[in-house]
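In the two complexes below, chain A is the common chain; its partner is chain B in one and chain C in the other.
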Partner chain A sequence: MKHRTFTQKSKNNRHTATGSRCPLRLKYMKYLFCYGVLFFFPFLVRAQETAHMSIGEKRMLPIKEGLYKSFFNTGNGKPVKVKKFHLDEYAVTNEEYLEFVKANPQWRKSRVNRLFADTNYLRHWESDLSIGEKNREIYRSPVVYVSWFAAKAYCAWKQKRLPTVAEWELAANAPPKNQKYGTLTEYILNWYKKPNPAVLPAVKSTYCNTNGLYDMHGLVWEWVFDFNSYIRGGDSRAKGNEDKNLFCAASSLDVKDRTDYAAFLRFGYRGSLKGNYCIANLGFRCAKD
Partner chain B sequence: MKYTIFKAAIAAIALGFTISGCNSPKAKGTGEMSSEAVTGEEVAVLTDAPNVPPPITRKHPTKVMVNLEVIEKEMEMMDGVKYIFWTFGGSVPGKFIRVREGDLVDFTLLNMPDNKLPHNIDLHAVNGPGGGAEATMVAPGQSGHFQFKALNPGLYVYHCATGPVGMHIANGMYGLILVEPQAGMSKVDREFYIMQGDFYTKGKFGEKGLQEFDMDKAIKEDADYVVFNGKVNANAGPNAMKAKVNETVRLYVGNGGPNLASSFHVIGEIFDKVYVEGGDMVNKNVQTTVVPPGGATIIDMKMNVPGTYHIVDHAIFRTFHKGTLAQIKVEGDEAPNIYAKIKK
Partner chain C sequence: MKKNIITYGALLILAACNPEVRSIEKKDCCARKEEVAANPRALPSQSIFQIPDTFETQDGLPRTLSMFAGRPTVVGMVFTHCGYACPRLTTDMKNIADSLHARGDEINFLLVSFDTKRDTPARLKVFAKELELDEKWTLLHGNKDAVRTLSILLNVQYEEDTDGNFAHSNIISVLDKEGVLQYSKEGLEADHSETIGMIRQMIAAN
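Right after this comes the complex of A and B.
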């Protein structure tokens, strides 16, 4: 979106430049400008190359070590220590995932093992090796309808891995860079409430947080390595120990601590997943030590 | 070896308990149920409020397939006021389900693929852990499936029990399931489905536009809207329920809450019969009956006199300021022997 408005502006500028009659001196300036362009040409090409590279080799941002206080009491109830790690700046896109599928035939739609991905796997793609011309709008959107197994395999292919719950939550808890929203929690809750949009927007279309990460909330849900290690039961109320944690957490939620309320929904969501599920609003990004 | 014998013994004792345990719910019902075998299969007719599926004429238990969809969608809470509701079947309250005592209910809950959140269902008519909640906890695009035997006749609430439960209920995730007794129910002329719910929005009552759920208010139980059937005036004015003079009307009344109990009252009518709390006990000649959140009641009343009857929560500020109003318009001949306005 931003990109489009930018090109539009430059077009307008050009229009005004040719429209105005310049005095003689400016004409020479023009030549100077042209030679200048020739002079800088090799650099421009290189810049373009790096821009292209950044799609393939997207930036991974360092996340400082820290303590993640789990929404649920895990083990002794002490916060989890998270070591320094790196996280993709934005979610894996359809375009990026296509490269993976090309290189790994066993992850093509028609060949994937049903144990590792249910029948919804890449259902929004036209075919095995084509996202589809009519789906042009989502090339740069997060890839969804991918299973946990698929996400894990993708990250391994990139010599990366899926982040853990603790890592993901720690990285995502960072506030937005520009405080457009009342609070991050309110922003998250509003997003959780809304059904999926007809066309999933591109990556980097929501906010950037102080870790430099894009769209940690507000675009898609994301797979994490240990998504199912917190809740096993489907009933969120008292029954069994792990559920009791959830129940207790519910009762301890007060108005001051609304971040947990959003976390409650997030953990509930993760608890409803199975490794082979492929869902319309569930994507992923990779991590590295 | 010894250990195995010991385990077997424990298992036998446990089994004994289970078998004896089975007797108690049957005792609560009308009994005799075990003698009837489940035969055949049918798909349940589901209706949106204020409509109720037709009475069951079957004289034997059957396997009833109930397919319910969870749909998150934007609807109006009042004219000009929008809200993102989470629904069982696309409206608030959810679809009315009607089965017969002894039926084997085969329940499938589909969480629509474009929904954002996981959901499930706890039916109060179920004897079993979580009322089905555990079995039906499903991610978007998935479906949950379970079966239960409708052991106890009565009118029951169902609702979503996914955490945070309060938020799911506050967004409209509730409805009613009726388990008709084996002996059937007395015949009436008309049946209606009314369910109360309280809503909490960032804007005040009547503030236009898309309104967001307000958790602070929900926790304080400070409702902006208290409505029947999911919307202010859902069944009032042109959408009022209709009946004729001398007809007996049966109301299946539920309360989804999440917070507020209903002092359910019909202005100008006396409830001839109230099936207290939706169970077997019948109270007669009742003016106002309490319907708690997560509870239901069945009301029979004969409409003797023509006119418009206002259904209210007699915690009356709610009616004037928060929306608890529905209407039944009764047409027919005046009955001056029962009610007459005297002209000066």
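Right after this comes the complex of A and C.
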């Protein structure tokens, strides 16, 4: 009993002590705490964000600024300066695209506007919100059968954008890290020769280039922001005078390197596309400044 | 003292909520934009007028393409520093306008610029004056995204070079009063009798 009274007493004492003898220290401690939290708060948020980026988001790799010479020499024929930018390390997968479709009902198969995506849109998916249990193998494969409008909307949703032709070509021209592929052109032409595989392999299944980017060639073709840049009439079938009437700078149309057959095919392919086309071997990845 | 703590508490909560609020706002705005694109109330699914982007006229007025609905629209894509093709494409459009004898409330003539940097509304106004374009004509300045989207829908190809000039296809497109692409003709000084006939029918039917 005695003991108990004593502790009670001491508690009371302490209470009065803090209340009367050291009021200032406590007051400042609280201020210090508040300011401290306020001060460190931005760092805490930043730390959380970066943690989120590394777990939830795929990596975006920096691509150094460089000069890009258009395959078809349109305009004045000078190389274009490409500013430093960031590019997704691999193409957008079916799994990732499903999240977008869930969050944006207007991009579901059954609701999409035909002006923005043709009837092939996501034709390999089982339904609006399901890739399909039988399609398990392609969850991590690049999403294909998506239009330019769909790709652009996806990137905007991720607060990213589609890369330009110049950006994409510059990033993709980097040689493979793994030397077993020989020259890049050989490797690409080898891929072009092959028919589309029955089941599209997963991302990161081909080579990684010295920029750290996977599958720039060898898995799917990719949408770019200005795919309609390539001007017809620039190929060897140019019809002379007639073409001058079609294009502002047609007189200076020329090909950069006639031996780069792989690039020739790529530009021909892009030139044949329309914005709402959805095709079996055409996917995309996003860029950011 | 207590008040102070409450204030800081509130500040902290605000600070904590802020990024959240921002991201929600962003999603909201984009969702709404997309919705306009996908679920237009009056426009048919093939209408180009569904693109949600806002352009600016030569008078500096904001315009979405849907604001041109209600009458047929003739569209050309040009840039005003173009020395060769664009004045000729514009002349072709002017010839079409002249042979139609149509009033401003019957038809729209749109010139949309590729040159998002130099073709400011003020510059477009000067161009319109130089080429004596009357009230039927609207010259539009837009951002890169909007112009690229429109070019894709009109099947116009273009590419900027390092001098800021553009190599581009010359196409005159005719949209019906709901913004559906009905007809387009490629080339300069092309025979536009078919184009004119098509537009006449549209005006008569309207």
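Methods note: the second predicted complex is superposed on the first by the 207 of 289 C-alpha atoms of A that agree within 3 Å, B and C clash if a C-alpha of one lies under 4 Å from a C-alpha of the other, contacts with A are read in each partner's own complex, and residues count from 1 in each chain.
Convention: contacts are C-beta pairs under 8 Å (C-beta built on N, C-alpha and C of every residue); 3 or more make two chains touch, one makes a residue touch a chain.
This is a predicted model, so every value here is computed, not measured.
In the superposed model, C is the one of chain B and chain C that contacts more residues of chain A.
By the touch criterion stated above, A:Arg136 is placed in contact with neither chain B nor chain C. Contacts of A:Trp148 after superposition: chain C is touched, whereas chain B is not reached.
In the superposed model, A:Arg114 lies in contact with chain C only, and not with chain B.
Of the two partner chains placed by the overlay, chain B and chain C both lie in contact with A:Gly271.
Common to the chain B and chain C contact sets on chain A are residues 246-247, 250, 253, 271, 274.
Residue ranges of chain B in contact with chain A, taken from their complex: 72-73, 84, 113-118, 120, 122, 129-130, 133-142, 144, 161-167, 171, 212-213, 215-216, 219.
Listing the residues of chain A that touch chain B in their complex gives 120, 189-196, 233-237, 239, 246-247, 250, 253-255, 258, 261, 264-265, 267-269, 271-274, 277-281. Against chain A, the residues of chain C that register as touching in their complex are 1, 4-5, 8, 11-12, 15-16, 19, 26, 30-31, 34-35, 37-39, 45-48, 50, 82, 84-86, 148-149, 151-153, 155-163, 165-170, 186-190.
Put simply, chain A touches chain C in their complex at residues 27, 30-31, 34, 37-38, 41, 45, 70, 74-81, 104, 106-107, 111-116, 148-149, 152-153, 156-157, 159, 225-226, 228-232, 245-250, 253, 271, 274-275.
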